[in-house]
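One chain, chain A, links the two complexes that follow: it is found with chain B in the first and with chain C in the second.
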Partner chain A sequence: MEFDFGPVITYFPTLLKGLGVGFLVALVVAFMSIVGGLLVAVISIYINKVVSWPLRFFIWLFMTTPLLLQLYFLYFGLGEWILIPAILVGILGLGFHYMAYNADIFIATIKSVSDGQYEASRSLGFGHGATIFYIIVPQAFIRAIPQLGNNMILMVKDTSVLSAIGVAELVYASQYAISVTFRPFEFFIVIATLYYLINIFMELGQAWLERQTAYRR
Partner chain B sequence: MSTEHQTETPMVEIRNVHKRFGDLEVLKGINLTVNRGKIISIIGPSGSGKSTLLRSVNQLEVIDQGEILLDGIQVNRPDKKGLAFERHINHIRQNMGMVFQHFNLFPHLSTIDNVTLAPRKLKGMDKNVARELGMELLDRVGLAEKAEVFPNWLSGGQKQRVAIARALAMQPKVMLFDEATSALDPELVEEVNRVMRGLAEEHMTMLIVTHEMGFARDVSDWAMFMDGGVVVEEGTPDKLFSDPDQERTRNFLSKHLGDHH
Partner chain C sequence: MDFNLMVEVTPLLIKAAWVTIDISARGLLFGFFVACGLVFLQSFRFAPIRWFARGYISVVRGTPYFVQLLLVFYGGPSIGLKLDPFTCGVVVGAFNIGAYMSEAIRGSIESVDKGQAEAARSLGFGKVHTMVSVVLPQAAALMIRSVGVLAIVLVKNSSLVSIISVVELTYQAQRLIGSTYKPLEIFTLSALMYIVIVYAVMGIIELAYRRATRYTTQ
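What follows is the complex of A and B.
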């Protein structure tokens, strides 16, 4: 068997384009799932049950069904009535999926901040909302960093699933290149290496962030 | 109370305060007046209700019956509900500093930010002005050089001194100390006591719940012994600690003076 990485080099710009699309999706999803997850957690803990019950149902729904199924449902299922661009479906699907996982983390870390913190803030004259904003949430966020980092690493790998609904990210781009060059082995090796490198970078970033915040816990 | 107390103006008035947790009545009609610039110590065994009483002064425990006044303004307001009570109590609490047994410093903020957060956010104090005030207060508790350090890097005694500075930053009318030295290693107690003595010399009104009998005796103008949710006995510290009238007070003191001397 002979290896020929020539086609990979020829189609590298295509792969880079796919990488760019994946990166863009991951960036938007990271922002959406972290900010949204935090909001869901705060609302479900602090606001009354009428509001929090549907949110908990939402978390449960997205955590107990496969991501691929969620994407198919949003793209093809809802597609019967409304055609949403694939990339938007991808962002919403991944975003809600990881929003649910992140909310689960934030719920745990918010609850882990001691009552003493809440009381100290209230005793200074801060209201309930200001205490959550200035005291509880920042501490919960710092405590969530290790698990958030893990989730975001999983999420970046999961952007590959969006190829199933035609989002032109890295795997989708390579499938196109393979279909023209018939060199799947070489392409998949290179792509796997790319994912591996991204992973390493993210883990380094996470470790750095944990070091930066360790003494603030 | 002594005539000396009656002629002065009251800062904190506690009138017939009752508090229950479920079936357990932990405060059974407590009365106490703390005059401006005076220091009152509350002693008693665990479960006597002394911490609950202190916490009810700023309504961290909402009382079931009775009245609490700060500088003539009613603190507990059973007539106000929800947001109206929130607004009322947030404003009142800005005038009362509280120091907790477990310090409760905000670990995500540097020492100086722990001190200046409340004046900046609640009084809208300018950042630089707040910093100046914060440094002054940290200097007063002997920790100016720790301004940029985070609480996790401080000893227990240092944490508690920062917590006192944090409470003072709102320029409160009264300071509440809830067993401020109980969680400290013995060798760290004195540095916190020294700061509290300094406040006493500046005539800060203080309500102190403590297990430190020697300190309570030294620093207080008035001392109160609580047990089982009632005030068993109160008087000048000399009288209460040396020559108590009640058997229960004597029993308690004989156990606790033994611990510390």
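What follows is the complex of A and C.
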């Protein structure tokens, strides 16, 4: 039982590249899942049942099945129609998954904004759409921030799962390096440490964001 | 939709679903013990033991389950920890969910009004007796709900065990999709099975919750 972190240092640039890919994916997915989740929530609450039921079904389906199964479905399902790079499948899969979770949060927070806000805004001359966009949604968004933060922290950890469909993120990059150096323990320890550090930073960021927006809640 | 294929693969998927249930149930059972152990360690007066428990929880919650699984399965042998895939899935699942669960349990115990414990103590109940007959029954309702949510997380996490080649639902689904090129049919079936499992767990939680709150009025 001897540890040799030499190979990890040799392959550190590869790992960093993987980290970069993971960061890029996480960034796009964060944007996609928050904006998409908000849209899904607004549409499923305010537009008629014909549109909202499929959306509710989508949220329900993505929340009750595991991410990996969804990824495989997208990977093979989309692969049947078009040639699509793994990273795009990964972004779409992770994006849809967390879009459903975020939409669920937004639905709850939109409903928690009191009806009086809507009525007051309408009586001041705002239209239906303008009320939703300028009055309801901003308040709901602020209230959703703590839970959104939790979801985004979970999401960053879940980027590691994308290696299963061949997205070249941190775990995938290390698997290549491990197959060459046969040092799985050292590599995975380093990767776990990297994820832990990222997680700590994200938790600090979340706490800061919550402090900044606390007075509006 | 190719219904003949769906009928054909259903037995295979059901068999795999049992493995998913098996691995999740065992993980939940051992995870509960791990969680209780962690809660117990955090009640120690000797600070380093508390720090150890806090540190463990923080690290487990701060790293992906997937990486933990790979670390133990592939990295384990180099520190003398050789586990077969199924056992590895159960053990890592238990130690992972245990960290989350200990937070849930601690939270529900702390949510019980301190006056309850103080009153019991002043009536002559011992420390353990106070915990068992006064605090825990009141914490149970909240505990069941939050542990139940984690049970569902555990079921969904169990899909990742397919990566270390345990033949459970996701592994079987992926293999069948790969061999039949019918992703929609296989996905529909396997998603349905996950949904059934998740709803069964939710039903059990609801029953347990009702039983725990049968004497309390809402």
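Heads up, the rule we're going with is that the second predicted complex is superposed on the first by the 214 of 217 C-alpha atoms of A that agree within 3 Å, B and C clash if a C-alpha of one lies under 4 Å from a C-alpha of the other, contacts with A are read in each partner's own complex, and residues count from 1 in each chain.
Just so it is clear, contacts are C-beta pairs under 8 Å (C-beta built on N, C-alpha and C of every residue); 3 or more make two chains touch, one makes a residue touch a chain.
These numbers come from a predicted model, not from an experiment.
Applying the stated contact rule after C-alpha superposition, one finds that A:13 touches neither chain B nor chain C.
Once the two complexes are overlaid on the shared chain, A:64 sits against chain C while remaining clear of chain B. By the touch criterion stated above, A:205 is placed in contact with neither chain B nor chain C. When chain A is checked against chain B and against chain C, the one touching more of its residues turns out to be C. Shared-chain residue A:85: touches no atom of chain B or chain C. In the superposed pair of complexes, A:54 makes contact with neither chain B nor chain C. Of the two partner chains placed by superposition, only chain B is touched by A:135; chain C is not.
Note for the complex: chain C touches chain A at residues 59, 61-68, 70-71, 74-76, 78-80, 155-160, 162-163, 169-170, 173-174, 177-178, 181, 183-184, 187, 190-191, 194-195, 198-199. In the complex of the two chains, the chain A residues touching chain C come out as 1, 61, 64-69, 72-73, 76-77, 80, 157-158, 160-161, 163-164, 171, 178, 183-189, 191-192, 195-196, 199-200, 203.
Those residues of chain B whose C-beta lies close enough to touch chain A in the complex are 58, 60, 86-87, 90-91, 93-94, 96-98, 100, 102, 104-109, 117-118, 121-122, 150, 152-153, 163, 166-167, 170. By the touch rule above, chain A contacts chain B in their complex via residues 114, 116-117, 119-128, 130, 134-135, 138-139, 142, 215-217.
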